[in-house]
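Sharing a structure here in structure tokens format.
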């Protein structure tokens, strides 16, 4: 079973890896975007860990809802509302249970991802974060490590795609050949899940 | 890339402190990143709120004042502001007559303003929205996030702002803003990329002897790269790209806009070529504005925006405006 | 260096055509290179004529209009105009009340304006002259051509222009202009060199990680090169260089001026630092202007100008002005 | 004896060498000036030859006075009034004789150079055109070729000097180590004199 502490560790691990990889995320956002994805997420997840320390919600749902709200309030851009919605809706779906099973989490995470696709309108193959998140949640049944691998493969697989959503879509065919920054940060998020689990 | 900054993290806050010092006619909330007309809310009048990533100055903060915006929300550089800012701005300027959000069509801006609208309506503030999407370099189709909002933002903010100042109701101010957007088309070119403070180096490589056609205002590459062209050739390309997409029967407002690092001397010369091409294509010009209005940090290049105007829109364009970036009639 | 131009030879003429199209309120004589207020000569009023090399836009052509210049003469890029232009301008704007030449202190400008003054006086036009020399980076001694004229030109043109508009006689307008110059000091820094159309490449090499302190507005290197500094450090250096040379007891006008390629976002942030330093040094600020006013083509960098003002000079500064580059009160 | 045709040839030869050397003059004006000396003189001397063809004055004095006036009307900058005054005053000093001796010319040229020093206030050693012109006129007694050599040496000798006049003086000690563009163009002017003489 996963408790509030697990989800706090997830957020802390995400913040750490986003901090480590911020320059790479920004560099990926440079040829096909506006060169801010790394600094956006760094700002957001630093705020998330700070607020989690201060408010210390004691349920899994409370942790993720607060984290999502904080991302919405501090990130801006496309990724702020999208990642914010992902976590907030996942958190809401978890309700106020003090512990949740891995299956509960997988179902809630899928709800969160669906909220992202509703909000942003992206379908699989549009070269967005969805291309890492969906394979990850599909693989969650096989454990966090499998989800991590699926997310990473999903991120890499965005390279040959032509973007249809977000800024990269303005480039038309010139977006082909570059890995999507948002899919890359989604892979970090999922990897942090495995890390929080000690995998 | 050298910049006249302290550290990248404080660029926006530093700029807001500097704006506050230079413009006593504005209330600048540095911590919450909201720039408001000192006399807001103006009793009985619709308020206009806009915002977007920083790096496009004078847009939007430089357009706050009588006859234009009631408030602006600057985000991080090239990053849409967050809903909290927009909500705070709306609350500060709403007199009860409602608030019009002017939103450039970028995924981030749209999502954040939509969230803010929901929150504001929860607080009893009436919200309407105009989405600006004037950039013909982007095809508006299922395969893109739709056209970008660029130079036409200035026309929408000025003309809808004048309508609001006259006391027109929210629905009419919104309709006017939409009409201005529908009547407007833009096309931009870059002679160099720009450098964001966070990245510290140019967002793309543009070799000497080449230019990018169809760029936006966020340092993204354009649709196409070509060998360098003359000012006259660029004017033809840009105007024709616009006229492929609109056939003005009324006279147009012309905005010849600098991306930030192109000298005014060159912009005026470019304007001469734009006017030459418009005349050759039979397009009548009502008014022309030349300068750095919707910029892209230190990018070299320019954009052309045309906005078709009838007598009423022209009257609203000519109406008094008093902001840091645009000022006439008062 | 790519530029938005046709060919280097027509840059100034092209820009004048573009100005003419954008500003119906100006009479632009493209062939003879004179920009004149449409309503000139204004009966009974002293006229102000300025000019200098092109590449500093909006200076001077952008400052022609009610409350400021009567006419401007743009030379080739960074090259003083010729006496013929100044003579033509003086003849076009003189109402009989005389003409004040506002001349930046460069050998070329001084010599050409002096020749024009002789010719104008031969034609019966009364001429007075204000020489602007505000740049503290240059020592005013036998070993130099004297201090350069930079940012203070804007203050002189605005304030003397307001005095002329009020109907003050030539001697008083001249005295006011001189007083403004004496009360003003400037200091500029460059983060990059600029490229003139004729040369097509940067006028000097400035490696990454270094800046030039004490530059003028013609792409000349400064007095000193140093490792890159923060905005706050530059503000301290510039303000202290100025205050080494003047001890304002009255409040000052502050001009935080961009050299052309520095984003407004950075200029506002730099202004915040300038204001911080002024407060720390006990200097009171009456008004602040931030923007690209006295530029150096596509140079990145900024200058600070302070002008000490008493109540009368401040009143004249606040007086209405209606030009392409500076506008308030009307 | 030197007739109007000789002085016309002088101007034409100057225009041609200024045209050839324009980029070098501008390059010299770049590190210690504002990178326009070459284009300034090219514009000016092109106008001079054009006007001489059209108006065809028939005295030496007429040719130089007209050339000087034309430089003043088309060059601008520091060099326009200075070179314009040099030629105009030399021309005036030659009066309306239809032919002049080399000695007459040398005396008139000295008058022209004195007018330059009066107007611009430059003394020898200030790193200006004067540093090429004065040695040249001093050497004129030994013929045009000697004057050319003296002017060229004078121009080269400006390199170690610190500028005290014109734009280069703003640089203080940083002006040391660069050859003065105006002295260099003066050497071209004097060399053209030798060329007009067939030396």
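As written, the chain order gives the labels A, B, C and D, with residue 1 at the start of each chain.
Simple rule for what comes next: a contact is a pair of C-beta atoms (placed from the backbone, for glycine too) under 8 Å apart; a residue touches a chain by one contact, two chains touch by 3 or more.
Here's who's who by UniProt: A, D = Dihydroxyacetone kinase subunit DhaL; B, C = phosphoenolpyruvate--glycerone phosphotransferase.
Keep in mind the model is a prediction, meaning the values are calculated, not measured.
Each chain gets one centre point, the mean of its Cα atoms, and the points for chain B and chain D are 53 Å apart.
The distance from the centre of chain C to the centre of chain D, each centre being the mean of the chain's C-alpha atoms, comes to 31 Å.
Between the Cα centres of chain A and chain D there is a gap of 73 Å. Shown for chain C are the residues in touch with two or more other chains, namely 77.
Listed for chain A are no residues, as none touches two or more other chains. Chain contacts in this assembly form an open path, with each chain touching only its neighbours along a single line.
Which chains touch which is summed up as A-B, B-C, C-D. Looking at the complex, you find that chain D touches chain C at residues 26-27, 30-36, 38-40, 43, 72-82, 119-120, 162, 164-167, 169-172, 174. Of all residues in chain B, only 8, 53, 75-84, 106-108, 111-112, 115, 137-139, 142-145, 148, 196, 198-199, 203-204, 216, 218-221, 223 touch chain A in the complex they form. Listing the residues of chain B that touch chain C in their complex gives 1-7, 10-12, 14-19, 21-22, 54-55, 57-58, 62, 77, 191-192, 208-209, 211, 228, 230-232, 234, 256, 260-273, 275, 285, 288-290, 292, 295, 297-298, 300-302, 322, 327-328, 330.
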